[in-house]
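One structure coming up, written as structure tokens, with questions to follow.
Per-chain numbering from 1; labels A, B, C and D assigned in written order.
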Amino acid sequence: MTSEAIRNEWYPVALASQLGPEGRDTRLLGEPIRVDWAAQGRPRVRAADGREMATRLRYGHIWACPGTPSRELFDIPEADQPGRRLVDVGVVRVKCSPLRAVENFLDIAHFPFVHTDILGAEPHTEVGKYDVAIREEVDEVWATKVHFYQPQAAKSAAGGITTEYMYRVPAPTVSILYKTCPPRPGEWDVITLFVQPLEENLCEVWPWMALFDDETPMTDLIHFQQTIFLQDRSILENQLPRLLPLDPGMEIPTRADLTSVAYRRWLKRRGYTYGAQLVAA
Amino acid sequence: MWTPVALSRDVPPLVVLPVVAGGRELALWRSASGRIAAWADRCPHRGMRLSHGFVRGEALSCIYHGWSYGAAGNCLRIPAHPDLEPPETIRVAVHVAAEAGGLIWVAPSAPEAPPPDPGALQPLRSLTVEAGTAAVLSLAGLAGDTLARGHLAGVEVTVAVQPIGPARCALHVLTGAAGAAERIALSRELDALRRRAEAGEMAA
Amino acid sequence: MAAERFIIRGDLGAATFLPWVRRHMGKLGLTGELGQSGEALVELRVEGPPDLIDALEMGVSLGPIEAWVESIERAPLNSL
Amino acid sequence: MILYDYVLSPDCYKVRLLAALTGAKITLRAVDFHPGAEHRKPEFLKINPAGTIPVMEEDGLVLTDSSAILTYVAAKAGPEWLGDDDARMRARVAQWLAFAQRLSASIGKARTHDMLQKPADIDACRAGGIQCLREIEAALVEQDILGARFLAGDRPTLADIACFPHSMLAPDGGISVDAYPAIRLWTRRIRALPGFVEMPGIHRLHDLKPEPAKA
């Protein structure tokens, strides 16, 4: 039995647009669950014993809390902003800890080597200083003023630019990226990674986006994001140990890993250990 | 204790691959100048397997964040911090790697004796078998342990055996046979041997 | 090269904490010494390249699982 | 030439790769294979009733088989890739183009099962994939004995393009590629070809690019 700190969080369990009348049998925190529609388009998520969980339908996805929600599902105000296109990218299963999937999403230093000529390129490998804080009033991790050179920052980008990012972790298995939006100076494109923990070392990842881009065909937007995420998959499945170490005694984090370190500190403080390794190994 | 992990010619310059020796997972690689090395298959930075990395010149780099490591396993470069000269203390755990008779051998620390030399033979191929070492060797009718000798497909062979697990091993096969037809026949015989071993066939 | 003083605050009473810090300093090739140490506060003087002192802060801010580092206050010392 | 394409499909990638290697001009039309299942929708079924990708369309010609598409692209933009040097080479190319179907049915299915949750008998797919990789490995060993570095001869042909992607993407379906030294060297040769392009899961060879000077 997982702890309350783990069971009282919100988790994505289905993409609403893909959930047919037949429902979806899946897993959450190592236990089987069933996701389907109750009457009138209301999503329903049930444990194996038939017990219904708290659910929400937001950001294109169905969310469930296996315990008692400790707070309301996090808000993404941009999701309701007029003019944005909401992109359901679909699910990808990865044989890794759900926490490693989130941590990788928070990392920019790998762009030149893993997303070569798209999100980064040598020799532009330096990670400048940026700010990270745990915002106590909302209990979220935020990284701001992150700048990185990108050869092709978005599907709509024609050439290389220095892109500014903000990263936000509003729940242990969710990460939200805000990045400068070339067609709309002053606005941020929103790219999220919603991670469903199936087991401690197996997860399903649902990227989702809210973009200002009226020109690129929807399928191209989906494929761009799938390309990026699938480039990460072989990394995520080949990191040792399989679980995310909360003690970095066998690792060498540097200032470029500040967001990763803040994320792990935040997990440690709230006792969120599903998919985590407590001792250095 | 030396373990054979590959045929030398299967690891030309700039190649890196994962191997298992003595129960440890290693990244085996050869530098541009031809130096062979076997390291713990894990980047000290964030634990990515170094066997997924890439070789430039005399250094092995991690595919994840590009940290690169020189001959002694010492960190040479951290791309996210290009002005930093990494200290000698940031190191990958290094094993000993040596070559003899067309084979690459590794050991956790320098053994007293050099690796066994099979003599002047030609490398044929390596193949992994999902069966235990002893069962495979006895089925093949080969004598010896680390370097087993005998005849297969009518030609003389020397097989360097790499135990990988209780029911898995790799055979690194050398032969005196020089003709193409003989070598092809031997290669096919090895596939047949593997099929028999994996089907659970025992030596008569 | 730089020299700094770290004032580490938190729940630092675990026996694993100070050895962990020493080992991590060694791994980063940093020299220095632990000053006063207690359950809630540890003082550390450290010398080395600024990027590696940053890296020490990263590592120590997580530390071993038994300890909780609430904050690390850094101040430059006169270069030695 | 219009290619109905999906970025994560090895069979579509073969066509993009050959086009890049030959300089063939193709227009990509992205198909929302996942999550949208656009390839099963009426509009797409009008183009390919079998509901599969890739599909190539040009001037009324519609090709729905990846080997046929490769053959067409090569015939138009790079005839040397057809491997028509002699009867043996030509037959070998035909054989490997057919073999590629077995790769799609084993490794390809294991991969969409593990990544995208498509239904499959995963144990059978993996066993079939291992068998295919062993056959490629053995064939490359024999080619090497005969002094040839590629599947159909001593130069790359459609045979290599057809079998290369799945041979590299097998780990996506839980099939290790660690035990095949000849495949490792062969896939490196293909990745080193001028004009090579990558797909997710097949990284480029960073070692081909010298370590850059500081920015």
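Here is the rule we use: contacts are C-beta pairs under 8 Å (C-beta built on N, C-alpha and C of every residue); 3 or more make two chains touch, one makes a residue touch a chain.
Computed from a predicted structure; not experimentally measured.
Undergrad: If you tally the C-beta contacts for A-D and for B-C, which one comes out higher?
TA: More C-beta contacts join the chains of A-D.
Undergrad: Measuring from the mean C-alpha position of subunit A to the mean C-alpha position of subunit C, what distance in angstrom results?
TA: So the centroids are 31 Å from each other.
Undergrad: What is the distance in Å between the mean C-alpha positions of subunit A and subunit B?
TA: 38
Undergrad: Two or more other chains touching the same residue: where does that happen in subunit B?
TA: 61, 63, 81-82, 90
Undergrad: Please list all residues of subunit D that touch 2 or more other chains.
TA: Only 203, 206, 211, 214-215 qualify.
Undergrad: So which bits of subunit C are touching at least two other chains?
TA: 27-28, 51
Undergrad: By the document's touch rule, what are all the touching chain pairs in this structure?
TA: Listed in label order, the chain pairs in contact are A-B, A-C, A-D, B-C, B-D.
Undergrad: Provide the residue numbers of subunit B that touch subunit D in the complex, in ascending order.
TA: It comes out as residues 6-7, 10-12, 14-15, 17-19, 54-57, 59, 61, 63, 68, 77, 82, 124-128, 170, 180, 183-184, 187-188, 191.
Undergrad: Touching residues of subunit C toward subunit A in the complex: what are they?
TA: Those in contact with subunit A are residues 20, 23-24, 27-28, 51, 54-55, 58-59, 61-65, 68-69.
Undergrad: Of all residues in subunit C, which touch subunit B in the complex?
TA: Checking each residue of subunit C against subunit B gives 26-30, 48-49, 51-52.
Undergrad: Can you list the subunit B residues touching subunit C in their complex?
TA: Within the complex, subunit B contacts subunit C at residues 81, 83-85, 87-90.
Undergrad: Please output the residues of subunit B touching subunit A within their complex, sorted ascending.
TA: Result: residues 41-42, 44-49, 52, 61-66, 78-82, 90 of subunit B touch subunit A.
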